[in-house]
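Inspection log for the structure reproduced underneath, given as structure tokens.
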Amino acid sequence: MDFYVLGQQIVNGLVLGSTYGLIAVGYTMVYGIIGMINFAHGEVYMVSAYLTAIGLAVLAYFGISNPWLLIGLTMVFAIVFTSLLGVTIERLAYRPLRRANRLAPLISAIGVSLILQNYVQLSQGAKNQGVPTLVEGVFRMGSEDHFFQITYMQMVIIIVAILAMAILNFVVQHTALGRACRATQQDRQMAQILGIDTDKVIALVFGIGAALAAVAGVLITLNYGSFDFFVGFVTGVKAFTAAVLGGIGSLPGAMLGGILLGLAESLFAGFVSSDYKDVFAFALLVGILIFRPSGLLGKPTVEKV
Amino acid sequence: MTSLLKLEAISLRFGGIIALNKVSLAVAENSITAIIGPNGAGKTTLFNCITGFYRAQEGRILLQKEQKQTDLVALLGGSIKFSEGPLKGLRKFIYGLFGGTHLVARSGVARTFQNIRLFAEMTVVENLLIAQHRQLNRNLLAGFLNLPGYRKSEARALAKAYEWLDIIGLGALANSPAGALSYGNQRRLEIARAMCINPRLICLDEPAAGLNPRETDELSVLIKRLRDEFHVTVLVIEHDMSLVMSISDHIVVLNYGEVIAKGSPKEVQADPRVLAAYLGTDEE
Amino acid sequence: MSRRPVSRTMLLSLFAALITLILTGPLSGLVLNGYDFTTRFAAPLQIAAMVLILRFIAGLLPASWLAPKQKHEVEPRAPRFKTYQLVLGGLVLYLALASLVLFASKYWLAVGIMALIYVLLGLGLNVVVGFAGLLDLGFVGFYAVGAYGYALGHQYLGLGFWAAIPLAALLAGMFGMILGFPVLRMHGDYLAIVTLGFGEIIRLVLNNWMAFTGGPNGVDAPAPTFFGWEFKANVTQGGVPFHEVWGLEYSSGMLDAFIFLVLLAVVGLTLYAVSRLRGMPIGRAWEALREDEIACRSLGLNHVWTKLSAFAMGASIGGVAGVFFAASQGFVSPISFSFFESALVLAIVVLGGLGSVYGVILAALFLTLMPEVLREFADYRILIFGFAMVLIMIWRPRGIIQQRRPFFKRAGS
């Protein structure tokens, strides 16, 4: 096994994994608080990829060329817009179904993801889209022909991902808002009795999840440069896999699961087969759900009779 | 009188909590036995063990059926040990895949639930037909072609369903959704449904909860009929003491997962430990 | 609820339009063009105006119209027709539909075949989702198993069309069992995701296993024959052309007409079987399982086996649909079996009403024929499916057409 190839795959895996982790947060928080799989979350990420490109194009039109300013402003634009989208989706498609049977919200979510996909396709066209490379430069280790590298963009991704997770963790653990979130997660009815506006908390959780998906969307788009209206599905399923792997409902679990999945996928692609890397990810998902549905950091559930 | 059900030192722990601690008791055939105790004493947990929803970690639950003894705990499978040989291991593996609860039911133990579990969107009569699933002609082809054997088996099931509906007085509501019934009727329908699997033992989990006094009286008549007319053995968890005292042949008192007293209603009523458990003593 | 004041409705409508404007502004108003963009500000304004009007109209409608109905409201009643009358009616209907073959063009036959295939898929998925309440998001996998089973079965084993139908049903059913076995013990949402995973795995393997499946290039599927007679102008060596045997003029639509007739019969039989299922022990057990699994177990029903049988039955129907798809297209490739197809079939089942057999047929016909009739509809159809899925889940989760439960009369009365 070539040390440099291994090193490169680990770097790629970490980068990939930290973006999975960011998206996984949206799945895990929503599942934790209302027990539904927000199937449309992947499409929310897809929308943020388009927003990145649109944001960059508009900023370029106004003559802004500083890459850091571009990234920063695009990020703010994507976050604000995408969280509004997340909250709106929750309000329209999920809130009316709070008391419905378990299948209803999931089917509704599939409907939402069809809507988003088709809407973006209709408004932006089916063709591949791209963004220019903003941050150039790499950091290399090794000799001329044997090396592994980490681009500055990849470093930005990892730093931003860690930062975003740190902020989120602080909010959830140390603010009144976070306390309300945790209380609602534990026992929604009781939280409501104690005067917490649980509807608002749930909407907020959707907003936060969407915001982190937007962060991931901006980072991934800037890193890979191209995307289409279909990217939400596979990335969404993989991020969900990450959430399940880490233990659905657990925030640190989402990040851990993301990184592990990113690494596993990257190593599999590098050393076994890149054709079957998606098969590997799906098989991993199936395997975890069958053998350890509570994931690495999740709590097993006891059947109530 | 022989005992139909015998529990031998049943224990069950959830993490560090001992839910049941070496519970032993015997239920006489064709009797009404009540299990009482304060909230959290482990009554429903005990029911779940008997009816196969939980697997007791220690002890045996023996059901006597026509000279044949079945260990209900063993029906639930368990961890596979290599020393037991491949055949037994395979059987346990298969049990593990399917879960064994339905096998307990098939061996003759029926139950109702504290928080009524009817098939709410299905009709009243359908609820009773599902309970007879095992007794029906389930051949797909016979059903598609509506063959005589299939028709006969459906007609028999329907007759039995209506028979039970008449017993609980719901004949007129046969084709309405079960979820639309009043609370008292739902409780009775659940009992009728449990009876439709032809059980030897029926476990009623708080059947009088939420009933008004008149319905409770009707219930006590029904429970006695189950014993006297249909010859099933009744095991009942109940908080309504007047009901318990009026119908029970035998009472078992549970507290903190242990049996603290058993005997006839009179004996139990006089037992100081029971009074302490219910009213509290200085220890607490 | 009393009538809401118009001014408040107006305000709410304006608010909805404002949110719509914000949300559609960048995506509809600024269209990416390379690294640049072109503006199209009319689009978001139009959408917002539409939302404004729709929201306002919705606000004026009586509240009871919009109130969601979660439960069955229609009581079962005694059936109006005897079984033999229904069968007779079915036969007449079949003959009527079959006679369409004489008038329809090759194009419309192909459309009709696709519509029927979706009816079949809808009926199959309805067994799993509608009856048993198991959300299967990988249903298209079984469709693929059927289609590839036929194409590859012909390529490697020389399997014919008629042998392929039962074998595909068996094979897909077996796939359903094998895939279902490990997953059926988990609860609803996880099951959906695992089936989704399995469906994708099947597609990806078909796509990547070049040596066996031909990868993205696909495989040819043979045209079906009727008692060995082929539907071709010039038959291959040793073959007998159908039109010569019957002294007919050759037409290129014959093959489609033949597939249409066989498929119509299969749909008819499936329809009969599935509609009988609800009144049969197995169908009842499925529905009971959907309502309350724990109660089922307490009644001695083997819940795993019962779910598995629903899974297998749905899968077999999907497999048969796959054979017809392969036969009518003459070619299969992995593109036809993406998750999107699963979502489409799910949309059919949801629109028709979970568990409603006839609703599913109407929905399938509507969704497949509508784009043909109305060209503009084709572009927006996925959007419309999506909205329909959300709205129906909120408004009428049991489908637009209310269905009755089977009626059971007291014997001798």
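When the chains are written out, they are named A, B and C in that same order, and each has its own residue count from 1.
What we mean here is this: contacts are C-beta pairs under 8 Å (C-beta built on N, C-alpha and C of every residue); 3 or more make two chains touch, one makes a residue touch a chain.
Just so we're clear, the structure is a prediction, and the values are computed from it rather than from any experiment.
Undergrad: Taking the mean of all protein CA atoms as the centre, name the chain whose own CA mean is closest to it.
TA: It is chain C that sits nearest the middle.
Undergrad: Per the definition at the top, count C-beta pairs in contact and tell me whether B-C or A-C has more.
TA: A-C
Undergrad: Using Cα averages as centroids, what's the distance between chain A and chain B in whole Å?
TA: Whole-Å distance between the two chain centres: 47.
Undergrad: How many angstrom between the C-alpha centroids of chain C and chain B?
TA: Here the centre of chain C sits 42 Å away from the centre of chain B.
Undergrad: List the centre-to-centre spacing of chain A and chain C in whole Å, with centres computed as mean CA coordinates.
TA: Roughly 31 Å, centre to centre.
Undergrad: Quick check: what residues of chain B touch more than one other chain, meaning two or more?
TA: Expected reply: 53, 113.
Undergrad: For chain A, what residues touch not just one other chain but two or more?
TA: As it turns out, chain A has residues touching two or more other chains at 305.
Undergrad: Can you tell me which residues of chain C touch two or more of the remaining chains?
TA: 294
Undergrad: In their shared complex, at which residues does chain B touch chain C?
TA: 51-53, 97-99, 101-103, 105-106, 110-111, 113, 117-123, 125-126, 129-131, 133-134, 136-138, 140, 143-144, 146, 155, 158-159, 161-162, 171, 174-177, 179, 193-194, 197
Undergrad: Considering the complex alone, what residue numbers of chain A touch chain C?
TA: Per the stated touch rule, the residues are 35-37, 47, 50-51, 53-58, 60-61, 81, 84-85, 88, 92-93, 96-97, 99-108, 110-120, 122-125, 129-132, 233, 237, 240, 244, 275-276, 278-279, 282-283, 285-286, 289-290, 293, 305.
Undergrad: Would you mind writing out the residues of chain C in touch with chain A in their complex?
TA: Contact set of chain C toward chain A: 19, 22-24, 26-28, 30-32, 34-37, 43, 68, 70, 129, 133, 135, 137, 182-183, 186-190, 192-194, 196-198, 200-201, 204-205, 208, 294, 339, 343, 346-347, 350, 354, 379-380, 382-383, 385-390, 393-394, 397.
Undergrad: Give every residue of chain C touching chain B within the complex, in rising order.
TA: Chain C reaches chain B through residues 71-72, 75-77, 83, 181, 185, 272-273, 276-277, 280-282, 284-285, 287-288, 291-292, 294-305, 405-408, 410-411.
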